[in-house]
Amino acid sequence: MIPRYTPPDMARLFSAEEKYRTWLEVELAACEAMEEAGLVPEGTSASLRPLAERLDPARIETIEKECHHDVIAFLTHLEELGGSTARWLHRGMTSSDVVDTALALTLRRAACALIERLDQVIGLLATQVAAHRRTPMMGRTHGMHAEPTTFGFVLGSHLAEFLRARERMLLAREEISYGKISGAVGNHAHLDPEIEARALGRLGLRPEPIATQVVPRDRHAFFCTALAFIASAIERFATNLRHLQRSEVFEAAEPFEVGQKGSSAMPHKRNPVMAENLCGLARLVRAALIPAFENIALWHERDISHSAIERTLLPDAVTALAFMLDRLLRILRGMEIYPEQMAHHIEQSQGLWASEALLLALVERGLGRQEAYRIVQRNAMRALAKEGSFRNLVLEDPEIIARISSAEIEKLFDLSHALRHVDQAIDRLLLQAQRPKEGLGTAEN
Amino acid sequence: MIPRYTPPDMARLFSAEEKYRTWLEVELAACEAMEEAGLVPEGTSASLRPLAERLDPARIETIEKECHHDVIAFLTHLEELGGSTARWLHRGMTSSDVVDTALALTLRRAACALIERLDQVIGLLATQVAAHRRTPMMGRTHGMHAEPTTFGFVLGSHLAEFLRARERMLLAREEISYGKISGAVGNHAHLDPEIEARALGRLGLRPEPIATQVVPRDRHAFFCTALAFIASAIERFATNLRHLQRSEVFEAAEPFEVGQKGSSAMPHKRNPVMAENLCGLARLVRAALIPAFENIALWHERDISHSAIERTLLPDAVTALAFMLDRLLRILRGMEIYPEQMAHHIEQSQGLWASEALLLALVERGLGRQEAYRIVQRNAMRALAKEGSFRNLVLEDPEIIARISSAEIEKLFDLSHALRHVDQAIDRLLLQAQRPKEGLGTAEN
Amino acid sequence: MIPRYTPPDMARLFSAEEKYRTWLEVELAACEAMEEAGLVPEGTSASLRPLAERLDPARIETIEKECHHDVIAFLTHLEELGGSTARWLHRGMTSSDVVDTALALTLRRAACALIERLDQVIGLLATQVAAHRRTPMMGRTHGMHAEPTTFGFVLGSHLAEFLRARERMLLAREEISYGKISGAVGNHAHLDPEIEARALGRLGLRPEPIATQVVPRDRHAFFCTALAFIASAIERFATNLRHLQRSEVFEAAEPFEVGQKGSSAMPHKRNPVMAENLCGLARLVRAALIPAFENIALWHERDISHSAIERTLLPDAVTALAFMLDRLLRILRGMEIYPEQMAHHIEQSQGLWASEALLLALVERGLGRQEAYRIVQRNAMRALAKEGSFRNLVLEDPEIIARISSAEIEKLFDLSHALRHVDQAIDRLLLQAQRPKEGLGTAEN
Amino acid sequence: MIPRYTPPDMARLFSAEEKYRTWLEVELAACEAMEEAGLVPEGTSASLRPLAERLDPARIETIEKECHHDVIAFLTHLEELGGSTARWLHRGMTSSDVVDTALALTLRRAACALIERLDQVIGLLATQVAAHRRTPMMGRTHGMHAEPTTFGFVLGSHLAEFLRARERMLLAREEISYGKISGAVGNHAHLDPEIEARALGRLGLRPEPIATQVVPRDRHAFFCTALAFIASAIERFATNLRHLQRSEVFEAAEPFEVGQKGSSAMPHKRNPVMAENLCGLARLVRAALIPAFENIALWHERDISHSAIERTLLPDAVTALAFMLDRLLRILRGMEIYPEQMAHHIEQSQGLWASEALLLALVERGLGRQEAYRIVQRNAMRALAKEGSFRNLVLEDPEIIARISSAEIEKLFDLSHALRHVDQAIDRLLLQAQRPKEGLGTAEN
């Protein structure tokens, strides 16, 4: 991933240094388990642990150029650093025992970092939902004015989506928390399953029930779907912010910072570029989906075709998503909201939004639904053609006033009545958003 | 979906008749709830329920040609059939209240039908895993002989993947079991949330906590991911069966039925065409993924861009997957397995598979890992170049026999030792596959 | 594809009847070539040609149920209908010789049908471009007012995209016009290449230079990319029409027909549902892309994994695209355009659009670019904050009027000057759109 | 893209330094055109050109942190370096005039670098096709032995695919060779089209006929399809090499270098890891497809959602493809081919491959096709069941020998007869592969 889209914690997590440190972490956990089982001299892992600080990615890559195998290069480097003691490492293990177990640790840590950001998004959104629960705005379907709602309710639907996306990421974190130390074809030919269980237990992982040479790749695909759900939740929010910011609407806007310039040509421009960028990055995160699924059907006990995506698009998707969440947080912290403009648009619609209430009132008075529809639509089309405000046209329509009194008609245009149930859903949602977050007490792992 | 790939139950579930029946089911559930609340005259829904048998899709389509709106056409048809009583239907509701709630019912039923098939797959696979737990075969990585395993263990890794795919489909069934009867912009402007809760309760669904005009589309995307996991599990199995059936391997084969012909040109052909077809259909099921995610970011309270995929690719993916499971069941029921051919390939490898055991033994005797590697690899490469069987070459290598006795070397080539841990994983897996299936007691819904 | 999205010509082209007729067409062309070469008794093809009218898809499917092979079932049916003469059919041929050559014919015909529609789109768009070349509207970037343009120019950019999409479809038609009659592994083991050349020549196709058992699938993938380009061109047009129709903009709208109803709940609604549907269908057409590419890497001389997509998603994508073009034509024929609303939005922007002209004038007077930017941006931000019209603010800014006279400033706000170069691009484009369409004289094939 | 998959020329092409140099190249070409038109003082561009060597990406990024706009940061940096003369740059231009024109230059250069590699692939493949045109091997369909072919013919089908992929890349290079210097909404509000034409002419580009603010993104999508075709051609080759290398087949193998180690656990392993890696990277290149198409439907005159993909997945796809071609070249230079193993597999099939010839001979003798099929299939199935060699079984089948003499039967099993037409296709193909390569004389641009 390019620096522009890489938060510092993700740069660290996916660095070469960190990769090799994680590999060593796995080797040492396995070594400790073997020490306990008497397979390896006691004290081996303790004496090798300090090598973590001396790992040299450049040297490992030099060795790999000759042997064409990254794990062997890594082990050779460890022998260079650690001398003959290092020969006890990797005992009975195959490369994937190290690589896949380390990948589980890395993705688990990535998941924690993403969930932490998600929790901040949820917190900020919840605050805005509460603040704007009674801020009326025009609800829009098909881009056209529909019926009124509140900005808090609209944000609530985004908040609910982020809560669902969070649940899926929690699940994905569990699904990815499986390692393996079961050898070349996964059947523990050279190591007792007990060794595996102990080693993985030290790392906070579970053993893959039946591995091949590798941890099965549907786990990683599930992880990618969880990324895509968060990205899509962000995309929906960003898309709608772009709509709200457009010149003719301008009911809300992303922050525009002091010193910011919107266009190299047009100094008057103030564009929702962060929101647009989020939409673009969502395409990137989703692009990892199909390859992640294509990676599942490995040949026999495994081939290595999955590796290229796991070195590139998978960390890129995680990193881009972390960046997206950071950028979303920046938007949420500085988002400008214009309640008066929202009110203005409701006003402008001249009561058209009450057409359904009118329809229902006519049906209640005994008209057939399609007949009532015809009468209301007639007035609505005249209003859209600017022949008068809808409310006035209705109050003059003989077929309507023959059935409903003016007073009753006026009540149909009562905004607060239309919004009377908004609080109930919002209260329930905010409760859900505030409940203590499970599983994050031990966030590091 | 074309008839070739459409099981009868899926043809029914996605038929026009069934769609309109399900819509009516939703309207009637809402109507009943309104009757209880006194909003609609008692007995309305009871008197309208028999219309389910008289719905005429052709007539509805004719009406739609004029009004360009499918739900209005449906309601108009109901007024034609049911007279003025029908005007009580759809009270305070918007089209999506009907369509999305009905879609939830349909997908929930589809999920049940898929899970039922999955359970059969799991049952058949479990039987084969048990039967072949001790049938040795060559494990293969990168398409090359690696170390021995058993056919039951190989099947076990597929079984475990199907069990995971099943869990995800159970989750998806819950995620999709949400309806809405909350009106044009989801905020219950015309109907009390209590009505919604009761109506959906009757249908076995839950109310969407905060809807827009529609149920949020991340639920449907999640459903599509569950389909893709099952399809990919099938693809991995089918891919490996194709490998096992190829002329040079022929360790297993899909059934070839009496009267079947493999090629119009070559009468000797017997091809794994069902397995290949499963791989192709997996591409179709996965093709629904990206559109399902693209459907999430609807504009404001909704636009209708999601509908085209939900009328086409979504039912096609469900249907294709049901067909895939049926076809997989046919394969599993008739799969031919050739243990003697598996044994032959192990024999042919002349002990090369024991190279790791030899490596470990040398390391244990004090050699550095990379040094030991060099010695073993040297003999292996000679064996691959047909200069002798690996076992014999090893028994003649002075650097080896200086360190390990012949008797000890012979033990390294002991197949049953290599497979000693296979049973443990298989026992645990079979236990998991046999535990009572939750949530399916009420399978119909 | 479901009937809703299936134009009649596509229903015919992809019907079972037509498929078998096309297969017979290929068999007869090959038979004729063999007659000329003396391999088959003269008159064979002539005597069998009438069978085209007697093909019975249901019977063929019954036979296939036994032999599990569609081409063998077809040939068996021909033997039933044509007696022993029919045994001369398929001589030296493999199933793919028939299926792939027939698929080429079908896709070539589909391409012709699509290009014919495209030509109508191009014609209608060109008319509108010409009609609105001087209709000023606000150009928008990032959804925000930028600088003025004309509606004709905006449509011109869509027209140009359709012209490019048409070129790609012409190319795709050529790429797909390859058949093969070269036997089981493509090397003419049983038939002279001369036979193939003659047979394909009769069908208006070229022989695949080096086939495997099949025509290589990159040709079909290229065809799918051509579909996707047209779909994306439609999507861009539809997306922008949706923007133009939204309540706050309403500068243009898709047709709303007499009797049409926009919402089952809200009689005032008039929604861009056709345009939204086009966006949704574009996702479907694009969904064929990845499977089409996944189909390329067949195993050895072929496997049959490509077939499932070619029976389903490929015809669906073609059909959906034909429907999209028909729907787009309906929109273009009835599109409502509101020049006064366009003018209104330019007016509303109070000259902000001239900020760049002002910037350039200041630079020309010797200010540094970033310095000038600062001055202009300052006034623009005040205008956006409704502290006055941009024009007035500028006329009062001492830093500006110290450098530019009022008269010169007024000229910067001259709309016709800003649009002076629009005609040149439009003239060139219209010329391109009107040049005689190549290659369609022989459209049938 | 990670260093592992980045060839040095791609590292340079997509470096920050090169990006800013290319931006300056565009600014200077525009400036020169304006000098010629008298809009800018003569000598401006000449005096600024040396700044190319002094551009400081780090400084530009620092400025961008404040103004949030990369092109403005770049221009500000130029003013820092070039003083007041630099204010003549970017006159009447918008950021996309620079960015999109520079992107066209970059992708054009990338295309040249890819085509150069492709030409080497084509050259190496052509050599092998010629060398192995008469090396018999078993043709395989569905992974099963079909009829014989030659290794040269098999490679020829790959060569033909690379030739088609090359044609598409040539087209894509033309499609991407369009720039724009037409201002904020593409209608030349501030600059004469003549300036644009001259500036782009200097850069070897053509002006976009009708731009919006940007060059339309279908051009970039087309470019991505060309990448995907090359990647898929490589994937098909790599997939088949993996099949040929597998333990049971071993008819060809990728090179295994001195010092290479196949597995950290199993010293005997020699795996087709490069070929597998190519299959994985093909998934990455294809992953750019959908985002590239999603980028097309920008809002109005543009939004910036396309940018994220163009900063990440697009250069990654180009880079990965360059790496793939380099790796493929390494494979082609060192590929090991085992004709004797190919011959062995033909031998092993005991004449089964002649079943079609036998079928045709029986039909020629008057048997109905399906009747003849039954007789031949019966013998083939016995041979597959190891009841005897197919040839012997045939020679003893009374229904066959009643119709065909033994001598005639023997001729059906003649390999050279089966391969008699192979040369013709190969000769034609090699001619095509050797014709002078057009368009590469001026490869640099």
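Labels for the chains are A, B, C and D, by order of writing; each one numbers its residues from 1.
Here, contacts are C-beta pairs under 8 Å (C-beta built on N, C-alpha and C of every residue); 3 or more make two chains touch, one makes a residue touch a chain.
Model, not experiment: these values are computed from the prediction.
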Note: chains that touch chain A and chain C both are B, D
Larger contact count among B-D and A-B belongs to A-B
CA centroids of chain A and chain B: separation to the nearest Å works out as 24
Cα centre of chain B to Cα centre of chain D, whole Å, reads 33
Residues of chain D that touch at least two other chains are 72, 75, 90, 94, 140-143, 146-147, 183-184, 190, 242-243, 261, 263, 265-266, 271, 273, 276, 279, 286, 290, 294, 299, 303-304, 356, 373
Contact graph of the chains (line, ring, star, complete, other): complete
Seen from chain B, its contact residues with chain C in the complex are 1-2, 4-5, 66-69, 71-72, 75, 90, 93-95, 183-184, 242, 257, 259-266, 271, 273, 276-277, 279-281, 283-284, 286-288, 290-291, 294-295, 299, 303-309, 311-313, 316, 320
So, in the complex, the side of chain B touching chain D is made of residues 138, 140-147, 242-243, 245-249, 261, 263, 265-273, 276, 290, 294, 345, 349, 352-353, 355-356, 358-359, 373, 376-377, 380-381, 383-384, 390
Interface with chain C, chain D side, in the complex: residues 72, 75-76, 79, 84, 86-87, 89-92, 94, 139-143, 146-150, 153-154, 156-157, 159-161, 164-165, 168, 171, 175, 183-190, 192-193, 209-213, 216, 218-219, 221-222, 225, 228-229, 232-233, 235-236, 239-240, 243, 279, 282, 286, 289-290, 293, 296-304, 356-357, 360, 363, 367-370, 373, 418-419, 421-422, 424-426, 428-429, 432
